[in-house]
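Labels run A, B, C and D following the written order; every chain starts at residue 1.
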Amino acid sequence: MHAASDDAVAGLRAVGREFHARGWSLGTSSNYSVVLSRDPLELLITASGKDKSALGPDDFVRVDASGQLIDPAAAGGRKSSAETLLHCLIAGQIPAVGAVLHTHSVWATILSRAGLPKGEQVRSLQITGYEMLKGLEGIATHQSSADVPIFANSQDMTELSDRIRAVFTAANWSDDRRPPLHGFLLSGHGLYTWGRTLAEARRHIEIFEFLFEVTARQRMLPSA
Amino acid sequence: MHAASDDAVAGLRAVGREFHARGWSLGTSSNYSVVLSRDPLELLITASGKDKSALGPDDFVRVDASGQLIDPAAAGGRKSSAETLLHCLIAGQIPAVGAVLHTHSVWATILSRAGLPKGEQVRSLQITGYEMLKGLEGIATHQSSADVPIFANSQDMTELSDRIRAVFTAANWSDDRRPPLHGFLLSGHGLYTWGRTLAEARRHIEIFEFLFEVTARQRMLPSA
Amino acid sequence: MHAASDDAVAGLRAVGREFHARGWSLGTSSNYSVVLSRDPLELLITASGKDKSALGPDDFVRVDASGQLIDPAAAGGRKSSAETLLHCLIAGQIPAVGAVLHTHSVWATILSRAGLPKGEQVRSLQITGYEMLKGLEGIATHQSSADVPIFANSQDMTELSDRIRAVFTAANWSDDRRPPLHGFLLSGHGLYTWGRTLAEARRHIEIFEFLFEVTARQRMLPSA
Amino acid sequence: MHAASDDAVAGLRAVGREFHARGWSLGTSSNYSVVLSRDPLELLITASGKDKSALGPDDFVRVDASGQLIDPAAAGGRKSSAETLLHCLIAGQIPAVGAVLHTHSVWATILSRAGLPKGEQVRSLQITGYEMLKGLEGIATHQSSADVPIFANSQDMTELSDRIRAVFTAANWSDDRRPPLHGFLLSGHGLYTWGRTLAEARRHIEIFEFLFEVTARQRMLPSA
């Protein structure tokens, strides 16, 4: 692989160690990707079923815009993450995306379930009034609102991406005045977020996790 | 001892350090074992009363299918864990088991008490709807349900194993379509889980701990 | 820069690493300053938009009493933190202040919101009865009360400092018998605290964080 | 100092680092002692006002049974902890005590306040039904009960020790069948515990902290 790819591997391995330690990527859950090229779209993504606390240099594969392995021989039998299609969808739909991170924290999980009663297909979690919102790119005041869509979970990635694509398509990504959209939740499952760089995506995870914990604990606090 | 045994010792010492740091094996609580051979059944198990944050190379003994020390001279006065019989029961009843881990976390403890009102002898905790369930071997969708039996605690290991054996015997372990059973709780006490390898058993602990925390916090969260 | 400045940089970098690890300074939130001189007032303060977990030796600038860069050429394009005016206000109003620390923790955030209903401009959080209060300089008994003002958050630093100045001016800082005032909260935002030295300001953060967590959890605990 | 004293210093410094990291000894709170000799009674105890995360080799003093410095010249101006009298009381009253540890955790603090309504002078927290109770010396079954006295806090150490002495005197320490007493709480303040060795006292802190967290969270969990 070339240097960009080596950097991406090193960056994602560090993310895995950190996120496992912080309880956001336990077991073999979670998957991460970095955009290696845009034309044509090429992603470096975690291989399926790897322990995120100990990602090795070979625990990644390269996929194209449709999620197919670019170099099956080099993959040596490794498969891309089962949720590869969602990474491709996000990177394909949002022009500036350089990295996509997907995590499974306790607070994201319980908020996503509380926010989407059984049988409903989509809702959104509104977070407003917190200074920490400014950690999300493009938000300049605590009076802004982060509107995090919650989608019903599914094991059928095609069906699930279709539902998510519908929401993405409705957004005009070249309009600077559109409300910022930096992530979504899958109910009972976890968070997808992204950024122009891996560092920005990592910061968005950190900010969202803070906002989820604050939102959930605020609900638990009786008024004084 | 032979190489397999050395590997098992190294693996269990690492588990002890990690689980103590994560709050799952405080004080001298917890006990861990690895299956060294199947025919006849031989387990390497933590000796009684050891601090799990600092297990030494000699803090283990070998026992047979009935929990008796295999080489009392080599044990040098060390006794096997008081709960050895439960390890033998699990390894003896479930053909594929390669390691058994027993931990005492806060969330497992409070859920196990809430799930088993005083005087009752057995119940089960149903966990369903979480993507993280897929971290348990053989579960392929969040729509599966983990059914974790909760047994009343006891200091009489013979009486306790009899109650647990009754549940195990009812399961047909060679039937691939049986619902997965990867662990059980002792009320006010903790979790037993297992896996085909030590790595799998460790992952099951991590997944169960996540699911217990999520289940308990979900109950604590007022609806929005 | 001179030696005092080098020490301040080293001290603030260590504070950033520690506070990020403890969850009090996530993303690019938080800002810290040390008083370099009093006559005229000169502060060393974190530059705007830096990741607090990895502050470099150049991630600081020097400002005067009005928050203006002292040596714009040396700053090399770096700007002082957006909240510089608040640091200047605190250091200017309170004679003994040697360091000012501003953090964003979960517990501070939820208590500050619960304590200041929408539309109100100022309130205070009363904390009394805890031995740990004695960790705040000048408090000698658990029967004292820490009275932490909560101000409505704002992105307009001039307007916000005016409101805070009104509270500060009312205090007679040369009167040893005045009730101790070591910090204030911005609603939905975080904590400002200070000390005669950086070590004392760091201890005040640690003590306040403990008191906030205890106060919030006490409210969540049903009476036995 | 002699070798026993050097070992005690090393042991208490390690305890300080660990307990600060676990949130039990923040700021300059907490104090620890080890019994150096019994006849006459001599304690090595933390000096007053030291940061427990960074205890130096000189941050200790030696005191006699009445809490007086044994070698004021060697103390070089350091004073013994303000709560020295309580350490002397515990070591003097309980024959087997080799170490006394006092900590200030969040869970101990809120349980101690909830357990002692304002104006009352003494109560006790009953903890029963948890396997982890067996981590307290002399407890062999989860059906035992740990009975932790809660005393109203005071800044007057003489008055406070008198109240505690009354409870201690009522216990017959040479009767093996007396209910185990391994610690007490000061309301809104923290935990005192002890052990025959420093290792045992440290284990008792760890066990009590687990039991306090479990007790408090159990109260917070709605029944399923």
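Going forward, a contact is a pair of C-beta atoms (placed from the backbone, for glycine too) under 8 Å apart; a residue touches a chain by one contact, two chains touch by 3 or more.
Keep in mind that what you see is a predicted model, and the values were worked out from it rather than measured.
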{"item": "For chain C, the least number of touch steps when starting out from chain A", "value": "1"}
{"item": "Chain copies touching (chain A, chain B) - same or different residues, decided at half shared", "value": "different"}
{"item": "Reference chain B; chain at largest CA-centroid distance", "value": "C"}
{"item": "Euclidean distance of C-alpha centroids - chain A vs chain D, Å", "value": "47"}
{"item": "CA centroid of chain B to CA centroid of chain D, Å", "value": "33"}
{"item": "Per-residue multi-chain contacts in chain D, two or more chains", "value": "220"}
{"item": "Interchain contacts (touch definition) - all pairs", "value": "A-B, A-C, B-D, C-D"}
{"item": "Touching residues (chain side chain D, partner chain B) in the complex", "value": "129-132, 134-135, 140-143, 199, 203, 206-207, 210, 213-214, 217-218, 220-224"}
{"item": "Sites on chain D touched by chain C in the complex", "value": "23, 26-29, 51, 104, 106-107, 109-111, 113-115, 153, 155, 186, 188-190, 216, 219-220"}
